[in-house]
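Heads up, the next two complexes both have chain A, just with different partners, chain B and then chain C.
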Partner chain A sequence: MRRFLLNRLLHTIPVLLGVSLVAFFVLRLAPGDPVILITQGDATPEEIEAIRRNLGLDRSIIVQYFAWLGKVVTGDLGQSLYTAQPVLTELLERFPNTLILAASAIVLAIVLGMPLGIIAATRRGTAFDSSSMVVSVLGWSMPNFWLGLMLIVVFGVWLRWLPTGGMYDIMAMEPRFSDLLVHLILPTLTLATAHMAYVARFTRSSLLEVLSQDYIRTARAKGLSGWIVVVRHALRNSLIPIISVLGVTVGNLLGGAVIVESVFSWPGIGSLMVQSIMNRDFPIVQGAMLFAAVVFIFVNLLADLLYAVVDPRIRYD
Partner chain B sequence: MKSDRSPPPLLKVVDLQTHFFTEDGVVRSVDGVTFEIEATKTLGIVGESGCGKSITALSAMRLIQSPGRIVGGEIRFENRDLLKLSEAEMRAVRGNEIAMIFQEPMTSLNPVYTVGFQIGEAIQLHTDLSGREVRARVIEMLRLVGIPSAEQRFDDYPHQMSGGMRQRVMIAMALSCNPKVLIADEPTTALDVTIQAQTLNLMRSLQKEFHTAIILITHDLGVVAEVADDVVVMYMGKIVERASVGTIFDAPNHPYTVGLLRSTPKLEDDHNDRLPEIRGSVPSPFSVLTGCRFHPRCDRATDICRAEEPDLIQSDSTHWVRCWHADGPPLQMQSSAPTVESRP
Partner chain C sequence: MPDRSIPSDRGFSRRETLKGTVAVGALAAASNIAGGISAASAAVQGGPIVLAVPAESNAVNVVAAGGVSNHMRVMVQRSLLMYDNLNSTYAIVPGLAREMPEVLDDGLRFRFQLRDNAYYHDGTKVTAEAVANWINLQIDENHPDREYFKWNPASRLRSVKQAEAIDELTLDVHLKSFNAAQLDWFTDLAYEGIPVEAVKNRANIVDEDLGAGPYKVARRDKGVATIIERFDQFYDPEEGRAPRIGFRPIAEMNARVAALEAGEVDYIDSITPEAADLLRANDNIEVKERKTLYVWFISLDSREAPLNDVRVRQALNYALDKESLIRDVLGGGAERSYSPLSKQFGPMYAGDVVTHYDYDPDKARALLAEAGFADGFKSTIHTNTGRRGQLKPIEMSQFVQANWADVGVEVEIEALEWSAFEGRRRKGEFKIATRGWTPSTGDPDGLLIQNFHSSQIPPTQRNVAFLQDPEVDRLLDEGSGTLEMEKRTKAFVDAQKRIVDLAPWVFVAHEIAFVAHNSELQDYPTVHPSGWGESLTYAWKA
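So, the complex of A and B:
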């Protein structure tokens, strides 16, 4: 077990190096100069040069990379070019918001998606099965920026039932939990729809495969009722592929739901990243990408460990 | 655990019909099967793959899955027709009064639960025993089926056991509630020969101890000779011959039974000779055959065989044969007899 963990941690090093390379160079190769954006074109060439030197942007790109990497290794992700705040502080400030949104979307996706998949599998070939699978294809193929906008138009603009964005009422004196819940509904729905559809489909197909196994017949031959057979004997065996899918999904969402956070002005890591890309705030974008990669790797490591909990045949020693 | 067994027959299957409704047509997997079994006796059901023997067994447990359906007949068990019970009533019979073990010990146990849990599950379901008593009973059963250090093996997962061990676990599970009937569907097919013998011996000794009736489904006539009291031979969903085990081996009267017996290798045979085989192969289950179902492969088929299906006729008190020529001259059994191949 310890060996497995150590091995996995060693494996993350080249992955993170790769991410750091991409994060660092892609944005710099793109057109746009942060200094111009900071000064908004309202500065003399001397001033611009001074700022550039100050920010360390006058050195060669390779030197910049290694300087940055050297700091990253010590845990220093640098400072925002705009707010001068440490990148890590900015990220950690936003992360709880991303966590709230991702967690509620994932919980909703599992709570609705898995039962849907289970019922579809146990009633294979019925109208319920085919209609739920049609709905899940729709859910999966709907672009979430479009779904988000539609929900905003219907529930925020026409019906005026729900706020169109943000996390709290901006007029409120202090953040209230009920306020948060109301603001959470639309982005959660938007984010959860596709994942719910995915979970439902995966649960269905995985369960169908398990339901045809010999040990399911054994369980039925014991006299167990249909639901106990499904829930106790089939579901646990069908969890492995579902956990793999959820591992990737959760990892992705925790790194920031870029589109949905932007559509709903949700102050999470995803919207921070979009903003920072627009502003060419290199350190923030690099930091956010690295952060997302670390979270992704960590969540998938957790998923791997979860396999062993679900299936005794999987052991890491 | 259960007392006062009712007088024989314990289980009586009458005109059972189980059909599969597929897109390509209806398959009459079991087509009017009738047999009975007395307490403590062993009935062998023999036939090639696809002859309907396993479907007969699953029907008796009412475990047929869509697109299959039991469309007719009766399964009388202790004066109840199992086909008329509600699903909940039937669940109380399954695993409790009629239990089943399957062909594939490697895949018949759930990989994610310990064997102890899986055996205990049935006991918990059908008895009022406490958790501790269930555990004790499971360990007792594991010992009975000859699993060494049963207490430690309780917490083993199936993948930590060999095939033979797993089949013992299956037997322990099936017998844990002391069923009156045990249906064993090819219980030794997937096992090594030495383990086969051990498993059969185990089943036999447990049968004596528990007074269980056993329905043994197999394609292996050696196994039948070893353990069965009565034998039913099935071909394409129908019984073609039914008799005591002695009669089946000494005086078989259906050409299919004879073919099966002749194609079983014997130690004293000359091993350079080609093993006799039954000519042709089983027709597609969708094919529409008039007359006797075996006639395309039968050496004594005549016009009537091709035109009309024979009934299962009782030739003496314990012998039934489905053949138009059952009264004809006895069929050749010696392996020196001309093989089917060499015939015109």
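So, the complex of A and C:
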């Protein structure tokens, strides 16, 4: 196990290097000068040059990259071009909020998606199977910014049951947990819908494959009830591909959060990234991409370790 | 000899200001005696107000802020001078200064007498030393505390050579050279100052702020909200009526509209004409128009054929149906532009006296034929892909493209991301380019000189039409060489007449911005043309 972990961690080095390259160069190769944005066009050429010099943007792009990378390996992700605050501080302030949203969405996607997939698989070919799969195709296809706005209009504006955005009532003297939960409902639903549909479809197909295996037929021949066969014998074996899908889903959730956080004014890393991309705040965007990559790698590593828990045949010794 | 006395119509006269100060003092004293309550708390009215803003402020202090909300700046900070928030005009009135400054050394030195009752939010008194130290720290790289200054100096400090504290409340600001717009520049919040000791504590500047405005920062949760609350030590008890004001960042316009309709926020801005129409149907919501200083124009590089011929440039003005563009593309969210300055510049507005390029394709064709381009010509319009404050650049360019095609001028549209566009535009790389421009002060000096004076040629300056006309230069120099308003007005109006005749731009539109608030918001000030003056310091929620 230790060897496996070490091996996997060593593999993350080239991955992170690749991410760092993409994060650094894509933004810089895209048109747009952060100094023009910082000064809002209101500065003399001399002032612009001075700012560019102060920010180190006058050096060659290669020199800038290695200077940045040198700091990154020591844990210093640089400073925001706008606030002069450390990037890591800015990210860590926002990360818990993104985590709350993403975790709620993944829980909802599993809690609703898996049973839906299981029922559809066990009732293959029925009206329930067909309609649940149509719903899941719809859920998967709906753009989440559109879905978010529709939910806001219906539940926030028309019915006034739920807040239209934010994380809590800003004028409350002390933020309450119940308030957070109420604010969490619509963004979670928006973010979870597509993934719920994906989990449902994947669970269904994975379970169907297992249900056609000989040992399932044997179990049924022994006289076990349908649900016991599914839950005790089939489900566990169909979990491995589902876990691997969930690992990828977490990455997609982080990506989806960028849009959902913007629609619902959720103060996470996603909305910070959008704001920073618009401002060409290079260090924040680079830091956020690296941060997301680390989270993604960690979650997938966790998924790999979970295989061994679910399937005793898998060992990492 | 230029007249550099303070113009009486740009603010209260010294006598009026003193009278006002005495009256407020007497009122405060009277209320203390009569009711036994402080004058400061007497003005509190109604409940807290919540504003939705498109972008969160990076920081509270203007210097460190980047995109800080204008509303918050006006409420949390206070400069030496300020625009008249109460009446929503560009009249300049004293802020931290007790009265308008004395102009000395032929306009190279301004002497301020600061109020004796102004305080920063940490309770420290506003002194000449604090203001001078903060100004000098920003402009002097050798200042002993410079290491604590991590931001970019405010552009409105570029005229300043040095600030000097003469005594506790007397401040001299020395200029590098005469600047007729300096009074407007003194309204910039970079002239507010920061307590000397607080300068060394950077965190205070970024997040806590030590402004001297009628509201102080009570809480700041990044990405969620900033809450400001009434500052009881503020010098004018009439400002700061609502006990607390919350700023909630909502980037999506539709989400802002929904939040207002749902009653979660009391005020929103930066909404489209279409959203404004939608909100007008709601009986609980009031929509207001903000007529602005903004101008949307198409610059025409006058160096080479065919645009070096004034008849071609005039033809392009005649060939554009501005009214239809404003109606069909902008949904009525603008006024037609006849000259660079909008009506909001008051007496400097020249729209009534300049040549009007009313839509006339026949006249455009005739002018093109006269100039030897009877069959038209081909070129490219450079525009940007959109940004707050640029209206709808691509759709507007497409409208222009179709209109010009009717007179034989075929243009391709090349749209670039904003900062790439602006970087190249400022280098003078585009023959034809669209741009929206909001002057940062109510003084026309900046807009006219930067865009039309021959000394402002790219790549170092911004006259991207490369207009080089001695008569325009002379009139602009005359206007910017005096503080006397009558002379300035005449010179700038005459300059605009000449500029419009030379047609270095196609003059298109002045934006009308829309704001909306629920009907519970009372005493909301008339919408200020800049957005700056829309201070809710006098507003309260029923």
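Assume the second predicted complex is superposed on the first by the 309 of 317 C-alpha atoms of A that agree within 3 Å, B and C clash if a C-alpha of one lies under 4 Å from a C-alpha of the other, contacts with A are read in each partner's own complex, and residues count from 1 in each chain.
Throughout what follows, contacts are C-beta pairs under 8 Å (C-beta built on N, C-alpha and C of every residue); 3 or more make two chains touch, one makes a residue touch a chain.
Treat the numbers as computed from the prediction; the structure is a model and nothing was measured.
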Task: Could you classify chain B and chain C on chain A, in the superposed arrangement, as clash or fit?
output: fit
- request: Pick one for A:160: touches chain B only (first), chain C only (second), both, or neither.
  value: second
Query: Is A:252 contacted by the first partner chain B, the second partner chain C, both or neither?
result: neither
Message: Under the stated touch criterion, which partner chain does A:152 make contact with: chain B (first), chain C (second), both, or neither?
response: second
Task: Using the touch definition from the top, say if A:12 reaches chain B (first), chain C (second), both or neither.
output: neither
Statement: Geometry row: CA centre of chain A as apex, chain B and chain C as ends, angle in degrees (steps of 10) is 160
Query: Which chain, chain B or chain C, is in touch with more residues of chain A?
result: C
- request: Could you tell me if A:264 is touching chain B, chain C, both of them or neither one (first, second, both, neither)?
  value: second
- prompt: Touching A:84, do we find chain B (first), chain C (second), both, or neither?
  reply: second
Message: Please give the nearest C-alpha separation between chain B and chain C in the three-chain superposition, to the whole Å.
response: 47
For the chain A and chain B complex, residues of the former touching the latter: 125, 213-215, 217-225, 233, 236-237, 310-313
- request: Within their complex, state which residues of chain A touch chain C.
  value: 30-34, 36-39, 41-45, 47, 51, 54, 80, 82-85, 90, 93-94, 97, 149, 152-153, 156-157, 160, 163-168, 170-171, 262-268, 271-272, 274-275, 279-280
- prompt: Along chain C, where are the residues that touch chain A in the complex?
  reply: 48, 50, 55-56, 58-59, 64, 66-67, 150-153, 155, 158, 202, 206, 221-225, 227, 244, 246, 248-252, 254-255, 258-259, 261-264, 416-420, 422-423, 426, 440, 459-461
Query: Contact residues on chain B for chain A in the complex?
result: 61, 63, 66, 88, 91-96, 99-100, 102, 104, 107-113, 118, 121-122, 125-126, 157, 159, 170, 173
